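If you scroll down you'll find the structure; I have some questions about it.
Lettered A, B, C and D in written order, each chain numbered from 1.
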Amino acid sequence: MNYGKKVWIFPDAELPPIGVNSIPGHESIIIVNPGKKDAHITITLFYADKEPVKEIQITVEGERVRCLRTNEEKDFGKHMAAFGEQYSIVLESDMPIVAQYGRAEPRAVAFYTTLGYNCD
Amino acid sequence: MNYGKKVWIFPDAELPPIGVNSIPGHESIIIVNPGKKDAHITITLFYADKEPVKEIQITVEGERVRCLRTNEEKDFGKHMAAFGEQYSIVLESDMPIVAQYGRAEPRAVAFYTTLGYNCD
Amino acid sequence: MNYGKKVWIFPDAELPPIGVNSIPGHESIIIVNPGKKDAHITITLFYADKEPVKEIQITVEGERVRCLRTNEEKDFGKHMAAFGEQYSIVLESDMPIVAQYGRAEPRAVAFYTTLGYNCD
Amino acid sequence: MNYGKKVWIFPDAELPPIGVNSIPGHESIIIVNPGKKDAHITITLFYADKEPVKEIQITVEGERVRCLRTNEEKDFGKHMAAFGEQYSIVLESDMPIVAQYGRAEPRAVAFYTTLGYNCD
């Protein structure tokens, strides 16, 4: 399978608190690589008031899915998300991938979100 | 109507527990076939640490909607989802369709998700 | 403004119960018409086990937004949604519009949804 | 990075009440500008029963993300959202951006939403 795109952008990322529920608060980026070859992905993080981080490298093997947790050092190294900080996530891959963002919020609230319709 | 696309990819699938709410925890893939002819669809499942499953076949009749439950044998046969396992779902159809994924989580949490903006 | 598309498809529609919360359970289709001219829209409803409904007509005035409630006769006439019935909604407009679906569920559950990445 | 689109449209906006949770009810538009140059953005608001507002101007600096709160005067000036009023948001930028809408609802409900599949 050769499906997907090489660039994925998530404007709204922000680490929630862990909380006390059976599902701890967290953020995930889930990436599926439907092709046979490994996908080498550079992650860039943009912030509201400081320079972007451009040095995170990850790999998703061919025909596999990988779930990155933004608060785990094994996934984001020294650039783990900090609680309550607004940031954005950009993925640039050398192979086509499909990527999704999810947030699990332990505080009492009903959330929903959508990217808008876009055109030029 | 000849609307839709033949390939649909959902990176983030994971079966929640059934729980004790009036809405039991579940995952669904909802597929509408707006055309007159039946759509024959092959489902591929990708996993984090094992080979993909490529042998699931379903049909959505012309001008009908069908809701697949990932934990029901009538929809996914012997490849029903296992609680807590990360996987991805790919649909390949011979006719244009439109597909949506939904998760109903019985545990206390506020969830939201989005695919990112994508380009090459 | 001439932005938008003429066809919008929502695979997963299902009327929730009204419940007892301050926000009653409901479904909405929200349509914005960014252009100057009125948009005349035909709504088609697809079902799991019966013939589609193709006769609903609505208008969204130029430079206005309109929120349709699927359980209100003023919006869906005699084809109001029935509690718990799976169906799909197709909008066909003579002018470009942008449309969004929302569901407010009064029962205890955490929901999320997304259309998949699509291609041919 | 030169990724993104210049126009973003969100059909369904409506300010929730503030409520009493640790996360107050609110709406946000989150905009990331992945390019080096500042993005100058005009915001248009469409309503159900009155003329659109077309005069809001904001800037998102190059390589930064900005979160607009619809009920804060520093972001929307005199056109802050009013509780319970249906409206739509259009962004027109002079540089490519990526934008997302989020609503945090303090009342008891499980919400989800999606834009539909669109085509002509």
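Methods note: a contact is a pair of C-beta atoms (placed from the backbone, for glycine too) under 8 Å apart; a residue touches a chain by one contact, two chains touch by 3 or more.
Predicted model only: the values in this text are computed from it and were never measured.
Asks: Return the chain pair with more inter-chain C-beta contacts, choosing between A-B and A-C.
Replies: A-B
Asks: Chain D and chain C are one sequence twice: same or different residues at the contact, by the over-half rule?
Replies: different
Asks: Please work out the Cα centroid separation of chain A and chain C, and write it as a whole number of Å.
Replies: About 30 Å, centre to centre.
Asks: Determine the centre-to-centre distance between chain A and chain B, using the mean Cα coordinates as centres, and give it in whole Å.
Replies: Chain centres of chain A and chain B, defined by C-alpha means, are spaced 21 Å apart.
Asks: Could you list the positions in chain C whose residues touch two or more of the other chains?
Replies: 3-5, 7, 9-11, 98, 100, 102, 105, 107-115, 117-119
Asks: In their shared complex, at which residues does chain B touch chain D?
Replies: Those residues of chain B that touch chain D are 3-5, 98, 100, 102, 112, 114, 117, 119.
Asks: Considering only the defined contacts, which chain B positions touch chain C in the complex?
Replies: Per the stated touch rule, the residues are 1, 3-11, 21-23, 28, 30-34, 63-67, 89, 91, 98-115, 118.
Asks: Which of the residues in chain C come into contact with chain B in the complex?
Replies: Residues of chain C touching chain B: 7, 9-12, 44, 46-49, 51-52, 86-88, 90, 105, 107-120.
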